[in-house]
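As written, the chain order gives the labels A, B, C and D, with residue 1 at the start of each chain.
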Amino acid sequence: MFYTIRETLIAFKRAPLLTGLSAAMVGLALFVVGLFGLATYNVRLYLETLEERVEVVAYLRDDATTADIAIMEAALTMLPEVLGVDFVTKAEALERAYRDLPEFNEILTDLQVNPLPASLDIQLRPGSRNPITAERVAQQAALHAIVEEVQYGEEWVEKLFTLRRMGAVTTTVLGTAFAVVAALIIGTAVRIAIFARREEIKIMQLVGARDSFIHRPFLLEGAITGALGGALAVALTYTTFWSVFNYLFTISWIPWEWAGIGVSSGIVFGVIASGYAVRKHLREV
Amino acid sequence: MFYTIRETLIAFKRAPLLTGLSAAMVGLALFVVGLFGLATYNVRLYLETLEERVEVVAYLRDDATTADIAIMEAALTMLPEVLGVDFVTKAEALERAYRDLPEFNEILTDLQVNPLPASLDIQLRPGSRNPITAERVAQQAALHAIVEEVQYGEEWVEKLFTLRRMGAVTTTVLGTAFAVVAALIIGTAVRIAIFARREEIKIMQLVGARDSFIHRPFLLEGAITGALGGALAVALTYTTFWSVFNYLFTISWIPWEWAGIGVSSGIVFGVIASGYAVRKHLREV
Amino acid sequence: MIKFIHVTKEYARPEPALSDVSFHLLKGQFSFLTGHSGSGKSTALRLAHLVERPTEGEVRACGFSSLRTSRRDVWKLRRKVGYVFQDFRLLPGRTALENVSFALEVIDSPKSQILPRAQRLLGKVGLAPKAGAVVDELSGGEQQRVAIARALATEPLLLLADEPTGNLDERATRGIMELFWEINALGMAVLMATHDLELMRKYPAARTLELDQGRLVYDSAHTEAAADNVGESDQTTATPRSTPPGDLGLAGEPEPVQHQET
Amino acid sequence: MIKFIHVTKEYARPEPALSDVSFHLLKGQFSFLTGHSGSGKSTALRLAHLVERPTEGEVRACGFSSLRTSRRDVWKLRRKVGYVFQDFRLLPGRTALENVSFALEVIDSPKSQILPRAQRLLGKVGLAPKAGAVVDELSGGEQQRVAIARALATEPLLLLADEPTGNLDERATRGIMELFWEINALGMAVLMATHDLELMRKYPAARTLELDQGRLVYDSAHTEAAADNVGESDQTTATPRSTPPGDLGLAGEPEPVQHQET
């Protein structure tokens, strides 16, 4: 172990340029993934705020009593998919209509009685904002006798759901592609670096070193290169985040676990790439 | 020139692994940019379809004559910002309301006369779908006597405009970041490859080669590496496009000029990186 | 120690580098390997180290046969053999001391002995004051002596030395040769490729093998035998005519071919 | 051709590799440079090639002064000088022929002459049959001869040869030395570092410079002068006591220091 560490340090000391360049390359490759993660994470957050608007509205008959409404509200609140229930009176509904639908203002003003019904607005829990759950909740609400009609903006919910699915697929595809590319770049960088040291590997073999003995420092070197690169990637991503946040618009920093995963995968890939590259050179002698 | 080409070929022949790895690295770096370009291009196309919905609606008085309406339609059509004008009759408006606003169905059915006004729906040209132009067109429309009221969904237009601006900024920031990263990766790859050949550079100097003489093959090599990498990047991006198109959802291929720009920049960066790296090694001897 | 049995080695080129070479170097024997430039000396040494494998025939060294030892096991052979490469092959960027101690680390020497032993060997080849210098910055002769120190540091059973004095002046050459003789007297077999006829004349007690265009044309162990029936049987090769000097009682005993460890 | 004026060269280490060395190698003169391993021979040659610059003093070679020639101009000097490196420094992965012709291409020789001349020189060093072999696959002595052919191919005014026969057998050494003498007779100055005393004895007509621990302790051009006041003035160093053999009429004329072209 001591030998391995010392050999690795010697390699760094001997060819700081090579090590530095490899680490930089790894860092840049992971930075691409980091940037993408940052963008994805913020898009996801934005979609979530949109989703909060998904709600089921139960329009109530004008003859519903306060007690009936309270019972229904309590029943709905107990459903596992339901986050909360808001009661909107006829007056509040009219107010909203004035605000949201200016083209009807005239008509509404002309009417003697308030034609708009009272309603219970049912918000769904984050995981349940999809067409199927929304419909189920709507059916539950429709069972109550005081309900005139239930609506949940099928179209909007469907659209949002499609958008989310497309987003998820795109993110997965692009993310995977970037990760694979990053891995390949890391692998290539390490292989080139080891190619530049093939003579050394040969000499070690000639003086009787076992393959595992030759491997170890290179593996550790790959790990350190990966770690340095990962750290660099996190630093670059954070700098980007910070600049955008301060000079352009408000975005959120990715969860630190993501950063951790990035660095760890840098290390893993560094080790794998080194191992593969060294093995290839070992076989040649 | 002959010498340069021959030397470059020799370098490829001598260390195909090194050349191949460098080209692969360049290709992967540019692939990142290509993927991003593909995503950006398609998001842009999607935003454009959304923008098509930006329109100014002029509600007409019930006493407007067909002749008045025709004159107004003609006048509006002649405005440079206007793409087209659609006349929507009172009956059509009612039909739309039934369709789009189900919660008002009951009210609408109860009414004896149709309360909804006829309207002229004005579509704007692609470059003019922003709050300022929309307002100007709205003011133009309001000048006509037969107009009751003009609306153009200020909020929606504003939002879309903000979305587009954010999109443009994000694209520019991310795109620049990716391009810079790709350039750095290319530079690093070429530098590592040349580092692996520093002994050769030294020998050339020792036998009396002028710096420019040593440079040239490396520059050509950088150019070829860049070109190969660029071609690889285009191929990879196209493969991704093709897979997504066939197995996931319909997207569009980026304009071929973008691909051309990608490959050219690969070449330019290859040459610059080689030049820089060789110069660095030349100075050391 | 080393046994070549009708060994032919062909590289990509048409003329073989070695053709039908047979000889047997006994335990503790000292032998020069001579011949013109390109006659196959280095090739013979590389074959004995299993860096290359013969095209035909068999090479046995320290109990390892070229026919049975897999690539993954050659390190076991290499730990018993010291090799002074013609082009030194020092680890670049490391000091002389690091180069020598590296060879000791590789074979898992006890940690406490590594540095003192490396120091002592550098002293023996006259490089004590240069122990801390990076090898790339040493003169040609100094590098060669580091290579020699590295080869001897592991106390090998067999030393393969490829023109180990090519970059040394007379005084240094004498020192190195005395060192070789001394360690040879303790039982280490030596096969030393050299083109220095005068050097060989100074050590008439050593066996001499001469190659010419890949053929073994002279073996002082069979002065009367014609060059072309050399190595026809184990018996002939196993009987040395000239034994190395010093107290090497075992030199005459034929070495049994040990089977490779697994 | 070469003039060392109180040259001292210190590397990172405390003891200088050369201290206060002064000598003047005349046009067309043949000189051996000898000394023990590590005495500074290669350092002196590198200084004459402006690969290194002196710490103190001045080196002039072929009209280029170490004090006035910038790094960007050294290629002009190198085109006039052939250098046989101690470690050969051949371009890896290329054939012997490519290595020699490369040196000719570098100095912009007429294209039609490059291959024939490279071929002829490989023939002269006895490597005609190996012209097409990749240098990495040549034997040590073969590589050394490729290096010699490369150095001579450009018809240099000055040959710096660093132990050019260290890997060669006696016969090949004789061939190379004859080649050197022959070309020297046509006017090429030679400064040859060697540790082969016997070789020097065979060419008593050549001048001999001897270094010891970085000091010039013997110069056959001043046999009576004490070693420590060697090179005190240009006058002493400029007068050769022994001139090389052959028809070198110009050997005695001191060479005017040309100023570097720009």
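Just so we're on the same page, contacts are C-beta pairs under 8 Å (C-beta built on N, C-alpha and C of every residue); 3 or more make two chains touch, one makes a residue touch a chain.
A quick note: this is a predicted structure, and the numbers were derived from the prediction, not measured.
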Hey, what chains does chain A share as contacts with chain B? none
Just tell me the minimum hop count from chain B to chain C, counting one hop per pair of touching chains. 2
Longest centre-to-centre distance from chain A, chain (CA-based): D
Inter-chain centre distance, chain A versus chain D - centres from mean C-alpha coordinates, in Å: 68
From the C-alpha centre of chain B to that of chain D, how far is it in Å? 64
Mind checking the centre-to-centre distance between chain C and chain D? Centres are C-alpha means, answer in whole Å. 33
Spell out, as numbers or ranges, the residues of chain B touching 2 or more other chains. 15
Which chain C residues reach two or more other chains? none
Quick check of your reading of the touch definition: is the inter-chain graph here a line, ring, star, complete or other? ring
What are all the chain pairs that meet the touch criterion? A-B, A-C, B-D, C-D
Where on chain D does chain B make contact in their complex? 49, 51, 71-72, 74-75, 77-79, 81, 83, 85, 89-94, 98, 102-103, 105-107, 150, 154
Chain B contact footprint on chain A (complex, rising order): 15, 17-18, 21-22, 24-25, 28-29, 31-32, 35, 39, 59, 101-104, 106-107, 110, 115-116, 149, 151, 166, 169-170, 173-174, 177-178, 181, 184-185, 188-189, 191-193, 195-196, 240, 244, 248-249
Can you list the chain C residues touching chain D in their complex? 11-13, 34-38, 41-43, 86-87, 130, 133, 137-142, 144-145, 162-163, 166-172, 195, 197-198
Spell out the residues on chain A that touch chain C in their complex, using ranges where they run on. 3, 10, 13-15, 199-200, 202-211, 213, 283, 285
